[in-house]
Structure formats: C-alpha cells, structure tokens
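Only one structure is covered here, and it is reproduced in the block below.
Note that the chains take the letters A, B, C, D and E in the order they are written out, and that residue 1 is the start of every chain.
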Amino acid sequence: GGQSDDGGTVGTEDGDLSPLDKKTTVLIAEDGAASGAGFYIAEEKGYFDAYNIDVKFTKFANSDDMLPALAAGEVDIAGGISTASFFNAIAQGIDVKIIADKGHYFDGASYFSFVVREDLKDKIKDYSDLKGKKIAISSRNSVDDYIYHKMLEHAGLTEDDVETVIMSDFGNMLAAMGSGSIDAALQIEPLITQGEKEGLHVRFKDATDFAPKAQIAMVLGSPDFVKKDKDVSLRFMTAYLKGVRDYNDAFLKDEGKEEIIDIMTEYTALKDPALWEKVAVTGLDPDGAMFVEDIKSQYKMYKKNGATRGDFDFEKSVDTSLTQKAVDILGEYK
Amino acid sequence: MKELKHDPHAVEQEEWKKRQWKERGKQLLTIASPVFILLLWEVVSRTGIVDARFFPPPTEIVGTFVSMSASGELFHHIGISLVRIFAGFLLGVIPAIVIGLFMGLYSPIRHFFSPLIMALMPIPTLALLPIILIIFGVGEVSKIVTIAGSVFFPVVINTVAGVVNIDRIYLDVATNYGADSKNFFFKIALPGALPVMLEGIQMGQAIALLTIVAAEMMGANSGIGYLIWTSYKAFLLPEMFVGLVLISFFGYLFSLLLRGLQSKLLPWR
Amino acid sequence: MKISMDALTKVFYKKGQSVTALEGINLGIEDGEFVCLIGPSGCGKTTLLRILAGLEKPSTGEFAIASSGQDRPLQSMVFQERGVIPWLTVKENVSFGLKMRHVPKAIVKERTAYYLEKVGLDKFAHLYPKELSGGMKQRVSIARAFANDPEILLMDEPFAALDEQNKFILQEELLSIWSETKKTVLFITHSIDEALLLSDRILLMTSQPGRINEEIRIDMPRPRTMEDVRSDATMTDHFVRIRNHLDREVQGSRT
Amino acid sequence: MKELKHDPHAVEQEEWKKRQWKERGKQLLTIASPVFILLLWEVVSRTGIVDARFFPPPTEIVGTFVSMSASGELFHHIGISLVRIFAGFLLGVIPAIVIGLFMGLYSPIRHFFSPLIMALMPIPTLALLPIILIIFGVGEVSKIVTIAGSVFFPVVINTVAGVVNIDRIYLDVATNYGADSKNFFFKIALPGALPVMLEGIQMGQAIALLTIVAAEMMGANSGIGYLIWTSYKAFLLPEMFVGLVLISFFGYLFSLLLRGLQSKLLPWR
Amino acid sequence: MKISMDALTKVFYKKGQSVTALEGINLGIEDGEFVCLIGPSGCGKTTLLRILAGLEKPSTGEFAIASSGQDRPLQSMVFQERGVIPWLTVKENVSFGLKMRHVPKAIVKERTAYYLEKVGLDKFAHLYPKELSGGMKQRVSIARAFANDPEILLMDEPFAALDEQNKFILQEELLSIWSETKKTVLFITHSIDEALLLSDRILLMTSQPGRINEEIRIDMPRPRTMEDVRSDATMTDHFVRIRNHLDREVQGSRT
C-alpha cells in the first residue's frame, strides 16, 4: 500500500468511509482455502473497489511460507492457521499482526474435525474407542496438535494410548485411509465431505464437543500495512467485514446463498455447487472478533512443549483496533 | 540356394531403408510404450486392481482434460508454466555449462567448487523457497530462479564429467597446435564434453518440469504446478492427474526434441 | 577349402551417397594356407577382414568358413586400431579371449604367461595400457590373438608400427605357430617384403572399389629369411610386380 | 644458471611428492571452500547484509546444534535418516544400473524404456507421495521407496549414456572374441560405462539426501527430514538450519567417499 | 643449433616404482637438419618427442629450441596415436593448426585444400574420421602438421601403417617441403630403409633406459631413391650396422 493520511477518515453521509483519492493496491496471500470467503466476496461484490482499493490475490501452498513474504512486505495481508510458527516468528522480530478472525467452529458442524476410517465406523463409537488406534494429524505444535490434545483429554486418553502419525498433507491422509494404514485423522473441509463421498472415512462426532471456542485461523497483516497505511487498512478491513457479513447472511440466514456459492466455487477448489450445500462451512465472525483467550491457551501449550522461542507480547501482536473501528462504521451485525 | 542379387547398391539401399524402417519401428516403440502404460493403467483402474478413487482411469482424466480445455483456462496455465520452465531452464543450463567447462579444465577450480556443489545440491528446494522469496520477491523471477537452481546441478556435474573424460590425446593435440584458451574451450572442451553434457541437459529438462510444482507453490495464480497442488489440496484427483499427465507429456516431448537436437549436434558419432 | 567367398560385394550407403568398398570378391583359401592381402589405403582390406570376422555384413554375395569341429574358436582378429581394452591390465587383455571361452583357469594362466613372454611384455603384465608405449600396445593385441588359438587368424597390419627387431621376433613366432598348428592366416600388410617373407599366396587389391585383380603364389621353400627374399631373383620379380601394381592403383585413385 | 641435479629418480620422486602435496593442497581447497562459505555467511549475517532472522549466523546454528546434540535425540534423527538414505539409495541404484546396462546394450529396450523414464522423471515426488502411501503404507518401506524412486533416474540416464558412449572398437573386440552376454555385460559394458555412471551415482547420492525431507513428510516421527520440516513449520529457523547443514554435510561427506571409491574403481584412468 | 639437449633424463615415477624412459640425452640438431630416431619399442622415442613438443617435462637436464622469430609456429607434431579429432571433419582437422593461429581465412582455405590434395583426401574433405580407413586417418594427421608450416616437424612414426605407394608419395612430399622451407625435422621410424632414404643423420637409441649411443651421418647426395639406397655399398653397411644394433638392444631387453 502507500497513501498519505489526508485522504481522510472523513465519512460519507451514511457514515461509511469515502473512497481513497488514489487507487491503492493491496496484495493478499491466500492458500485457496474456503476461509478466505470474506476476501473473495468483498472483491466480487465490489466492496474493495468502492474504496478505490485494488486487491490482488497471490497463492501459497502453505500458510507458513507466507510469513517471510509478509514480514518482508512482499504481501500486505495473509491468512493462516495458528501455529507455534507465528509466535516464534513474532518473537524473533517478524512483526506480523493478528488482526481478525479467519476461522472458528460453527457449533455442531466443525469444518476441521476428526474422521475415522469407513470400515471402523461401527467399532469406533466414542472417543475412548480411539485407544490404541493410529491417528494422523498434519503437524506438531499447531492448532491441529492443540485440537488433538483437547480431544485426547476429552476422551480421557494420553498420547501414549494412541499412535500418532504426522502427515504433512491432508490429501495424504485420504490416501493413507485408502491403504488402511491409519485409523483416524484430524481432517479439514472440503476433504471431510469428499472423503465421505468416496467412502474413505466418516465424520466422527464433532470438534465442538471438546473445543467449542477454538480459534483456528486468523487474518494477518504486514507491519507496514497495519501501522503506516491506516487509511488503507481501515477501508480494507471495512470492506472485508462487509464480505464476511454477506457470507454469514448466506450460510446462516440463507440470504443470497446462490450468489455467494457462485463466488466460492470460482475462488476455491470446490467447484461443485451442490457440495457447498453439504460441507461444514468455516465460521467467520461478522465483526471479525477472535477468541483471544483460546489463542493464549494454544500459545501456552506450545510453550509448555518447548516449541516456542522467546516471549510473545499479545498486546503488541494481536491488534483488534481495525476490526473495532470497522464495526463502529458498519454497526453491529444482527 | 544361392540367389545372386546383382546390384549391391540397391541391396545396401534396401538395407538402409530397412534400417530407416527399423529406426521408425523403434520410434514407434517410443510412442507405443507410453500408450501401452496408459492402456495398462486403464485396465487395472477399471477392473479395480488399483483403487480408481486414487488412480482414475486415463479416459476419465482425458474427460477432465477436455472439459478443462473447453474453458481455455488450461492453455493459459500451460502457457505460463512453459514460459517459466524455458526461462528457468536456460538460466540454469547456461551458467552450468560455463562453470562446468571451467571446472573440468582447471583442477583447482574443480576442487574449490565441487564440494560446494555437492553440499548445495542435496538442499531441498522446499527449504530454499523462503530464501528465494525474500531475495527475489513473489514475482516471476523467484519462480524462474527456483527452476534454474535445480536445473543447474545435473548439468554442471555432467559437463565436468564430460570434460574430464575427454581422451588426453585431443588435449595434447590442441596444446601442441597452440590453441589459446578460447579455442581450447570451444573446439576441444565443449564438443568433447557434449555427449555426456547432453545427458545432463536431458536430466535438467526433466528437473525443470519436476520443479515447476515447487516453484508455483509460492505466490502463483496459474501454471501447471499451481493446478497440480491446488487440485491435490482439494483432493480433485482427476484434475491433479491432468496436471501430472501434462508434466509427463512435456517431459516426453522435450526429451524427444533433445534427442533430435542431439543427433544434429553430434554428427560425428 | 577353409574360407570361400563368392561374388562378395560391400557398399556403404548413407542418405543417397554410397561408397563401394569391395566389389565381386571371389576367393578360396585352403586350410592351413598363409595368405597376404596387399592394396592401396582405403581399398577395402579392413572391410574384408571385418566381414570374415562377422563384424560387418556383405551387401551381396556370400562367404563361408569351414569349421573343423574342434573346441577352438573359429577366428580371432588383430585389429588395425589395436582395440587394447583400457580398463584391463596387459595380462587381462591377453587372457581376454580365453576367459570369454571359459577355458580352465590353469590353462588361461599358463598360456597368458607363455605369450606375454613371447611378445616381451612379461615385466609389464600388471600395467594398464595408458602406461605403455605405442609398440607395446600393439604387442598386447597380437598376444591376445595368439593366446586365443583360433583356427583362422585375421591380422590387420599387426606389425605395422613395431620396431624391426620386435617385428622380426613376432614374424618368426607367427610362422612357428602357423606351422605347428596348421592355422589358416589372412594377413594385411603394406610391406611387400613382409608379404613375400610370410605368405603362400599374395592377393593384390585394386583401389576403390576394392577388387582382387591379381594373385601371386610364392613357392620359395621355408624357412625363408629376409636375406633369401632379397637376393632371390623370382622374389625380386614379384617385388617389382607388386610395386608396379600399387603404383598404378594409387596413381589411378589420385587423379 | 644451469644447476645439474644428478639423480633424476630423486627429482622425479620429489616431483611426485610435490604432486602429492599439490593433491593435498587441492584436498585442502576442497575443505577450505565450505569453510570459506560458512565464514562469508557468518559475516553477512552478523553485519546485517542478509536478514539474520532468516539466515542465522553459522555460529548460532552451531550453538543450536550443540544444545540439540546434548539430549542425544539429534543422533537418533541422524541415525534413522541415514538408514533410510542408504536403503533407498541402494534400492534405487542397483535396478538403475541393471536396467541402464540393458538399455544401453539393446536399442529396442532403450527405445521402449526411455520415453517412460523421460515421462516419469519429471513427476514431482510430492505428487507421488499419496500413491506410495496407498501401495506401501506409512511405514519405513514407503520412505525407502520414495528415496529409491528419485535416485533411480539420474543413475539410469547416466548408465545408458555411459554404455552408448563406449568406443565401438571394444564392442567389436568382445564380439570377435566370442564374449557371451554375461561377459559382455560385466567385462565391457559395466567397466566401460563406469566413469559416466559414477557421475550419475554421485548425483543419485545427492538426490537421496534431497528426497529425505519429502520422504519424511509422510508419517514420520523422526529423521533429519522430519526435523527440517517440523522446524520450518514451527519457524524455528536455527533448528531447521541444523537439519539443512547436516544434509549438506552428508552430501559433502558422501561425495568425498564416492570420489575416493571412484579412483579405486577406475585405476586405469 | 636449432635444438639442443643437455643431459636430458626422464623418469616416470609412481608410488615407489620408477621407469627410466630417457637417460642423459646430449644432442644438438642444426637448423634445417633432417634427423631420424631409431630404437627398440618402449625405449623412449615418443617421450623424447613429447618433451620437445612441450607435452612432458624432463626430470633433469635441459633443452632449448631456437626460434627464428618469424610468424610461424615453432614446432608441430604428428602423433603416434594420430590424434585425429573425431568431432571435426577431415578438412577441419587439417586446418586445425592454422585456425588456432588465427591465420586469415583465405589462406587457411587455400593451404588446407593444397595439403588435402597432396595426401589424396580431397574427395573425403567433408567426412568425419569414423568413416575413414586406418591409413586415411593417418594421412589426415600428416596433412595437419604439413599445413601448419612449423619451423620444426616432430614426426612419430608418421608413415607406419601407410601402403607403400602413399608412403612413397608422402616421403617425396616431406622431402620437398623440407628442402623448400629449410625446416628442421625430427623423425621416428622403425624402417631402416626409410631412415636411410630420408635423413642427414640417424640416432640409435638403446632399450630401456633410452640413451643415444650411436649416430650415423648419411652423406649420400640427394635426391636419393630407394633403389640407390639399396644398391649403395656404404648404405648397406649402415643398414647392417643399424640392424645389428637393434638386434642387440632387443635381445638385451628381452632377457
């Protein structure tokens, strides 16, 4: 970005912000996940345009690859899951800001949850049945590990009671299900639905049973973008929340769902509109609010496991001021 | 028993034609073998010997290919990747040849560089991505550099091997006839190393394709590699296989082109 | 008849261009005969030997080699380019043919040692070819063929770059092997003296396309010495005749 | 001006010793060059020419290495990966040599296999992981197979090139002296192809190391590759660099060993 | 003195083992002299030439070649192994030396064509070496040295495997080049006749370690023919003397 500050936070008549004087480009790093819905919708519905913001999407295979790009100012905004990686990066002076929600659970329909192998669905009925089973998670010291431990705790098990398999890729988990070399996995949508359709695994209960208020993914901002370009970043956030609200309208209130699904099929790899009716969609808070306490407790776990380095200052790194100001402009979501 | 053919020229021409036919037969074999594998795959996939969910039969992949081509987007992906591959390939091959020739000719240079090459070569591209990203940004350059980086190694190694294996007598002749270093380079080292070097380039070509997925894992919005990993992440296996088959196809095509180039470049063999 | 050739013709053809290396060779060689082949450079001598060695196929015509049915190789060749294998030591090169035929180890060892000594390379047995002089490599390749003990020896200028003395020793050796074992020998040389000294019959070839247009039977009793050859009047006639033949051929091919 | 030295043997022995010293000097160069790079890295990292957050100086990496070694766990990682690398390397190299020799000797086999090799080689390992998982499960075998799969290609290509480039005269000699196919294989094709083949094996060695990260990305709990990607994921860059430096170090070590083997295997050069 | 050698000694040393190839060579060669070197196989002749060609360093002793200061190469060698470069055509091989010296294109073309014709390969100018016979490759390598027009010609058995006629033509050619251009020639051969025919002086070498222990000055007026050489009584004496020398040396080295 880059804009002088006199473009003004001057509001328009309806209380909304005026467009920027000069067209400003914002670069968003994405990994093609459904949790980027707010960006996609805001772009397609012209909310960014209305503020004279030109957004460009650039894709990364992995949210961890985005951190260096973000810190180096190569991109302005990134989305990512919570991992020890953030905290370590931030503690090492990579001044990335956590600025908004990008994924949490909808009660009873978790988009990031456990599955068990199809042929074991009758044997594994309850959490305690997982004892002695081979369970795949995608990484250590990340939200995956956190949810996994919450689940084990809930089941009254410890890691010694099960066999943990680390698989770097969710796709590989499907393959491993196919070959019968794992019994359960912490899987993500849309692969949960696809795997069910293919008869590889079945959804196993729901993650909200034990971690209802987990903060899975967040919107991250580059230090320059958040601190220096206040005009741009506030407008960006406002437009983003408009998009998120449309998303909530569609999936919670069934308003304008068709249009939203159209947008989603265009931007994500899930190209089948019918499937969008089935998948457990990502929860995105219409006000951008996060479960900050949960982030803290994740951090505590990483720290306990010795996976973090240095100290992490939540006050400095979690910056909710943008969302708050944007909500002030937009009003509470009802 | 003895049936005398009276024109040996005709016979030998016939023989030559037969050889040409045989050559063509072998070329046919070259075309037949991928077809054979595809057929085999179709059969084992259709009959359920392998899991069709993971290995959709080629016909299904072709179907996906057709529907993907219809939108024209696929060709956009292909075009973008080909540009990156070519650029990366050239950017890797040219310095590799130059450095390789120097290393082959001057043993102190060889001794200085070869441990570095041997130490850097096994560094996984994946671990280099953030470094490349920081230095070259998220644009095209970083993708081209990623490809160039992995192409470099096989070419440099085979160029060195090619030079070192040149028969000493040719070096002696060049020395005796007063070849200056430029001529030594271009008249002796380069052509003498060419056969083995071309094998390295053949490998480099494959590696350029191999690396396109990694290169397009950062900050890309299109390309075959992008198509592969996004499809894989979404477990859209037919789409992923379209990407993989495209990679294979280009690997096959480029290797045929290089083989053609090879016989042009080595008329003396 | 040990070797018989009937209208043997060899053409090298490549993309519309053709070179006739051999044309209509009709030739019979008796068992135990020593035949020399003389002709200008590029006339097809090597090509003829390569056909007999099974390394090249004739374009038209036929040839046959009669086997004695013994447990011996039919033919062994001494190549013009030597073909001393660089990754085998001198000793391994000499024993190459025997090992290929799975001759018992003890015999291999004995025969290899015997011929290494004959060619004067016993002290160099464990060296690799790169450490040898040109003439020494040539002797390795001769020893390899001798040690293999074939029915027919095909020798392509085997003594060309040897010094006079080594040449002399090896000529003697070749003749003694020949007379003891009744081998058939087909021998290419450019030295008329050598041909006169060694052969029962000399075949003269024309320059490209190579034809055999004259043959000279040498009746001089054996053993012959170079002095005998040089002082004998018939031999001098032969010498002049061959020389004139070559003269004509080379002049013809050069204009 | 002219100072006659009277014992040429002594002179030549001296010369030889000098050469030996020079050789040692070159070996020193071989050791010096990585040291030089590490020093350079230290300096540019310490002075902030490169971002020390992303490229921690080697001394810091050494510190991390020491504290990691203290627990003994690091050696467990190294041990496990080395076993996988060796097993995968052998499993890739042996069939590659055999198939490469056959391909080099028999042109129909060559024409049949080479397009397959050229088409399969550019398939990214990452995309093969699910396939390997399905066939071999998440155990050790799948990791070894992954490594073997990528080692195979450079070795087979260079073996073919080695055989095809053997001087015709040696093939003629073998034919003429009645070599059966076994002898043809072991006495001519194998040693004749060896110099170029060894370059392929050198490359294969590096690729075995290169692939350990990918191999240990599926269902591993230990190993250098596991260490690298988990550290990378956790943004523990010094730990990741410990892993990378270990890989580099082994790349360097193995290449020295192979060079040693090379001069043993090729006494005739 | 064009070439002077002073106590030149060459030892090949490898891990405790050593071979003395040359020992205490003292030799002066006048400008324009034609000198032949004769000695048993492996005595160090090639090594001596390689030292003069700057391809090998003497162990002890010294040598010097006086330059005339003209814009001509000091020396060119015809190698025993020929060294015809396989990736260059016949024509490119012959013009190799000229091109290395950046001689103007027109002159390169003219001289290459001239010497290709002299060695009888003009029709084969565009072929690659693999399509040539053994003798033709040899002629390529001779033409390359001639075309380069050096002050000194170093020739290592250049005519060894040529047929008599080509050998004769090239000997004539060599002599005419020599007499026209006053080149200094150092020539290795195994043919005593050839040495007698060509040289001003013949140097005889002992077998390993190679020493020059005799030299014979040939005073027969030029032009000489082979017939003259064979019929002349002094020459016959020389012939016998050289022959005996070689006899002794080879016998000595073989026991």
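Everything that follows uses one rule, which is that a contact is a pair of C-beta atoms (placed from the backbone, for glycine too) under 8 Å apart; a residue touches a chain by one contact, two chains touch by 3 or more.
Here is each chain with its UniProt name: B, D = ABC transporter permease.
A quick note: this is a predicted structure, and the numbers were derived from the prediction, not measured.
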Hey, what chains does chain A share as contacts with chain E?
B, D
Quick check on the contact graph: shortest path length from chain A to chain D (ABC transporter permease), in steps?
1
Most extensive contact between chains (C-beta pair count):
B-D
By mean C-alpha coordinates, which chain is most distant from chain E?
A
Using mean C-alpha positions as chain centres, tell me how far chain B (ABC transporter permease) is from chain E in Å, no decimals.
47
When the centre of a chain is set as the mean of its C-alpha atoms, what distance in Å lies between chain A and chain C?
84
Please report how many Å separate the Cα centroid of chain A from that of chain B (ABC transporter permease), as a whole number.
39
Where the CA atoms of chain B (ABC transporter permease) average out and where those of chain D (ABC transporter permease) average out, how many Å apart are those spots?
19
Where does chain E touch two or more other chains at once, residue-wise?
12, 81
Give me the residues of chain D (ABC transporter permease) that touch two or more other chains.
51, 54, 130-131, 134, 229, 232
Multi-chain contacts in chain A, i.e. residues touching at least two other chains, fall at 68, 72, 169, 171, 174-175, 178
Chains touch one another in the pairs A-B, A-D, B-C, B-D, B-E, C-D, C-E, D-E
Contacting residues of chain C [partner chain B (ABC transporter permease), same complex]
6-7, 9-14, 18, 20, 23, 57, 59-62
The answer for chain C against chain D (ABC transporter permease) in the complex is residues 50, 53-55, 73, 75-77, 79, 81, 83, 85-89, 96-97, 99-101, 128-130, 144, 148
Considering the complex alone, what residue numbers of chain B (ABC transporter permease) touch chain C?
2, 4-9, 11-13, 15-16
Chain B (ABC transporter permease) partner contacts - residues on chain A that touch it in the complex:
27, 29, 31-32, 57-62, 65, 68-69, 72, 74-75, 169-171, 174-175, 178, 190-191, 194-195, 198-200, 268-271
What residues of chain D (ABC transporter permease) sit close enough to touch chain B (ABC transporter permease) in their complex?
26-27, 29-34, 37, 51, 54-55, 107-108, 111-116, 118-127, 130-131, 134, 153-154, 157-158, 160-161, 165, 195-196, 199, 202-203, 206-211, 213-214, 225, 228-229, 232, 240, 244, 247-252, 254-256
